[in-house]
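Multiple structures are listed underneath, in structure tokens.
Each of the next two complexes has subunit A plus one more chain, namely subunit B in the first and subunit C in the second.
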Partner chain A sequence: MFFHMVLERNMQLHPRHFGRDLRDKLVAKLMKDVEGTCSGHHGFVVAITGIDSVGKGLIRDGTGFVTFPVKYQCVVFRPFKGEVLEAVVTMVNKMGFFAEAGPVQIFVSNHLIPDDMEFQPGDIPNYTTADGSVKIQKESEVRLKIIGTRVDATEIFCIGTIKDDFLGVISDPGATS
Partner chain B sequence: MSSIEPFNRLVKLAARAFYDDITTKGENQQKIGRSDNRGIAVVILDALTRRQWVREEDLAKDLKLHTKQLRRTLRFFEEEKLITRDHRKETAKGAKIYNAAFAATGDGQQTGREGDDKQKMHTHSYCCLDYAQIYDVVRYRLHRMKKKLRDELESKNTVQEYICPNCSKRYTALDALRLISPYDEYFHCESCNGVLVAESDKLAAQELGDGDDNARRRRHEKIKDMLSKMEVQLKPLTDQLARVKDLAVPEFGSLHAWEARANAAGRSANGDLDANDPSKSSHGFGGTPMPYVGETKVEVAFSGIDEKGETLKSENASIPMKVLPPWMIKEGMNLTKEQRGETRAEITTGGTLTAAKVSDDKTSALANDEEKNIQDEYLKAYYAALLLRQSEQEETMKRQELASATISDEVYDTTTDRLVGMKSKRNEDYEGDDVEWEEAPPTGSTTKQFKVDLNEEAEASEDEDDDDIDWEEG
Partner chain C sequence: MMDIDDAILEDQILDDRRIFTGSVPKEEICAHPGFFAGMCMKCGQPADDDSAVPLKYIDKNLRIANNEMARLRDKDFKDLLCHRRKLYLVLDLDHTLLNSARLSDIKEEEEYLSSQRDALPDALKTSLFRLDRMHMMTKLRPFVHTFLEEASSMFEMYIYTMGERSYALEMAKLLDPSEKYFHSRIIAQGDCNRKYQKGLDIVLGKESAVLILDDTEAVWKEHHKDNLILMDRYHFFASSCKNLGFSYSSLSQLRIDESETEGALPTVLKILRQIHSLFFDKGRKDNLEDRDVRQVLKTVRNNVLRDCRIVFSRVFPTNFTGELHSLWRMAEQLGATCLAAVDPSVTHVVSLDSGTDKSRWAVKEKKFLVNPRWIEASNYLWKRQPEEKYYVTPAKNNRKNWPTNESHGTFER
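For the complex of A and B:
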């Protein structure tokens, strides 16, 4: 799920950036530092959408670095148990398949794949129904439901299922090509 | 205990539902030979519903089972939290306490076991149903069963688990990212690089004989089936659980507490009949009703004549035909009139008063002749042991035991019994009635000590023994 929220961070800036465009430099560095990171609490920071305030800088003894407390708005993505996501399959093996929804990695184990889909090993391993009408392989897009998340300080990993109504393949590159 | 019946029904239902085909396999692989005994678990549980605390040897005897086999099953039940067990080292004395308690509960006839009187320190195991726990265990079991089936059925919320067949390390699907291998399509153990096995696949393989993906589907059907069957077939059990829910759970307490209670109850049941029963006075010491009726039965005390008679009779009451060992018989004949009366009063509870009387008379007649001899023997043996002890007073108690034992087994036995007997206050009371020389009554406080194992009291008892001996000689 996406959230728009205000976060705060202490930015350290090298003295060489002190000048007319100090603020721009600060924002650029903030984006570089923060976007794409993941915190267990808030989830993945997808994008910074604005700066609320930049506080007074504090010069560090000895180094000349200055620390600015920055409040910024950002979009975060945080997967939740029970959430339905669309994801791209990245790997298929006998144990199930892995998929990515943006920055989040999701594993769908084979017992959460519909029973009528069988694993087919080979150059392009895939799960296929008996009549061959539905196939899950690398690059397939699937809609899945998250049934469990592992949230570490800097990482979120999910497991999902496609064994439910309206879940499964939403487009099959193999079928269109 | 009026509410015990519903609980017994619960136990019986649970036994049939869950333990019908228990073979205690897996407990130890070499015990496979036992697998033809399925059903025995139910028999044992049923038997336990008709008992309270029961010595496992007796239970085995009653069920005509081998003790080892019974123990194995009981151990299993203990693990299953259905029963509580108690093990204790005890001399004949402890066994007597239990016997008395057992008789007092009145359920089941007392199997005569005069032979037991001779046993030394043996570890005895007792077991008893733990109704409160059974109630919880059964409910928990049902809950787990249902939850497991439901989860597997829906399998929406189950996080797949993987297990390493080599080192038994467990993983969940959440670890998947760390477990993938670039070389093949399996998960690999982080520790030993073994190929992980999905747990449900393993189960499926066990149940269906093949682990392929079709198994999952069949398994699904099967689980659905099982769930609905479970609801139907376990209905009586769940009903019984609901019925029992608001009832007071029968509680027997620990073995010791139960013995005390049962003995007290047993005695108060006879209470009015033998108001003058000296054994009642024994309640006095220690405040709580100590279950020493049983103990009295056992005493082999050359002076503790009276009590012996009581033993004989109550045991005769249940098994009149049994031939008693001569060393016990001699005591019986020394009974005074009033004590005889008192014992009879007790016997009436047993039911076979006349038979008891007859056999008692008979035995006393028989024993009359032997008595002198045997008493002499006892005395001799006792003195021998005593002498030895005195000479070795500095030695540890343990050593003394051994030493006296070396004289002869019998000597050892007699001294042991004697010592135990002499120490109990109520013994003194008894003796006071008809033996005048008995004047060195250990006080109530010392009695406490003497109830303790003889081995530990050996030193302290030395003096007392001396006194007794002197009296006797005079």
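For the complex of A and C:
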């Protein structure tokens, strides 16, 4: 799920950036530091959408660096149990398949793939129904449901399932070629 | 709009309710067949099991429980054998399929290898690669592409190397540029459960259907040695010989290479083909699933020196039990019968010195007198070698006769 929220961060800035465009430098550094990172609580910071306030700077003893408390608005992404996501398949093997939804890695094991889909080894490993009408292979887009999440300091892992109504392939790269 | 903290809280409450009231059915009795990043891959609950097998080469967070491994192996085995008529083949990289050297270790005589691609001899244009990013130069063994192509129709192939993962992936790119053969079946150092030891426990194949090609016997666990086909080492670069303590010139220094048609890979491909056809022989009455490739390998190997009766002379140190010597065992594996003393039935005397009693007896009785390399050569080439090539000289020069591990190239040249 995506959330729009306000977060706060203390930014350290080197004295060489002090000047007319100090604020721009600060924002640029904030984006570089924060976007794409993951916090255990909020999930992934997708994008910074605005700066609420930049507090008073505090000079650090000894180094000359200045710390600014910055409040910023951002879009974060955190998967939840029960959530339905669309993801791109990255690897298919005998154990199941791996898929990615943005920065989140999801594993769908063969226990959670419908029973009528069988693993097919070969040049392009895939899971296919007996009649061949549905095929999951690398680069396929699938709709899946999250049934377990683990949020680390820097990564989020999920267990997904496609063994439920309305889940499974939504686009098949093999079909067009 | 929902707030993130509310959402997290709600998630937590749902979890707690599940644990305290047990209101969620069937998921509670999940057998936890495997784990991904500390969650069960079937029910999604936090769970882990230390005895589960880590399959780091597929994903660093993936672990599969032992009984699930057995189930997967079984399922895959039936599918592979019955529908695709294939077996498993585990391939080592260095000295088996290719040879690599650091750029800094390239000797003066080998400088010609660093020249522009256009200036290289024709044979090297397609098989020599300079990997500047890894500071390395890699030479693929002659015939390797044909080998992989042909072997892939009979085997599901794995790469299993003691090299680092990044190196293994880079080599896989050279060997398999269109990613047809290996996919995620690339096992490198750090993926194995024990350091400096290769085991089949992380390979998703039943041991009775696995063949291994490797140049080093010692890295494999003892009970996998029946699956192993030992390869004649490929030393292209000078540093590769030096690292293993051999003093002779490498192929690159001599500006030659293994033969495309008679080298180690074509030889072993023939054997693999033979084993494959024996395994799937339609004339066999037993159940396909009960067959064991190790038995087939043994039978094929047993035919190499069949009907040879061998006596050793001055090969083993005094007071050494001959039966324990590697040459004795090698000869027996090849189907020969080893004897302690000469008798009229003996066909070969393997000796290091043409002056011993047994050697002279062999000459007098018109038996074959060969040096120990004859056994090694027959072992690597899977064929009884012409005895005249392996003559024995008097003891003064016997360094020449002694089978060092200097196997490289000597059998083809």
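The criterion applied here is as follows: the second predicted complex is superposed on the first by the 177 of 177 C-alpha atoms of A that agree within 3 Å, B and C clash if a C-alpha of one lies under 4 Å from a C-alpha of the other, contacts with A are read in each partner's own complex, and residues count from 1 in each chain.
Keep in mind that, in the parts below, a contact is a pair of C-beta atoms (placed from the backbone, for glycine too) under 8 Å apart; a residue touches a chain by one contact, two chains touch by 3 or more.
Model, not experiment: these values are computed from the prediction.
**Q** For the three-chain model obtained by superposing on subunit A, do subunit B and subunit C clash or fit?
**A** Partners clash after overlay.
**Q** In the superposed arrangement, which partner chain does A:115 touch: subunit B (first), subunit C (second), both, or neither?
**A** first
**Q** Let me test your reading of the model: by the given contact rule, A:98 touches which partner, first (subunit B), second (subunit C), both or neither?
**A** both
**Q** Is A:42 touching anything from subunit B or subunit C once the two structures are fitted on A? First, second, both or neither.
**A** A:42 sits against subunit C, while subunit B stays out of touch.
**Q** Quick one: is A:1 in contact with subunit B, with subunit C, with both, or with neither? Answer first, second, both or neither.
**A** Second partner only.
**Q** Looking at the overlay, does A:76 come into contact with subunit B only (first), subunit C only (second), both, or neither?
**A** A:76: touches subunit C, not subunit B.
**Q** For A:163, is the partner it touches subunit B (first), subunit C (second), both, or none of the two (neither)?
**A** first
**Q** Just one of 27-35, 117-125 or 243-251 in subunit C runs into subunit B once the structures are overlaid; which is it?
**A** Only one listed stretch clashes with subunit B, namely 27-35.
**Q** Both subunit B and subunit C touch subunit A; at which residues?
**A** Shared contact residues on subunit A (touching subunit B in one complex, subunit C in the other): 91, 93-96, 98, 107, 109, 111-112, 121, 125, 147-150, 157, 159, 161.
**Q** In their shared complex, at which residues does subunit A touch subunit C?
**A** So the residues of subunit A touching subunit C come out as 1, 3-5, 41-43, 76, 78, 80-81, 91, 93-96, 98, 107, 109, 111-112, 121, 123, 125, 146-150, 152, 157, 159, 161.
**Q** Which bits of subunit B are touching subunit A when the two form their complex?
**A** Going by the criterion above, the answer is residues 155-160, 172-174, 176-177, 180, 184-187, 198, 200-201, 213, 216-217, 220.
**Q** Where on subunit A does subunit B make contact in their complex?
**A** Residue list for subunit A touching subunit B: 91, 93-96, 98, 105, 107, 109-112, 115-116, 118-119, 121, 125, 145, 147-150, 157, 159, 161, 163-164.
**Q** For the complex, which residues does subunit C have touching subunit A?
**A** 1-4, 7-8, 11, 14-15, 33-34, 36-46, 55, 58-59, 61-62, 64, 72, 76, 84, 156, 180, 183-184, 204
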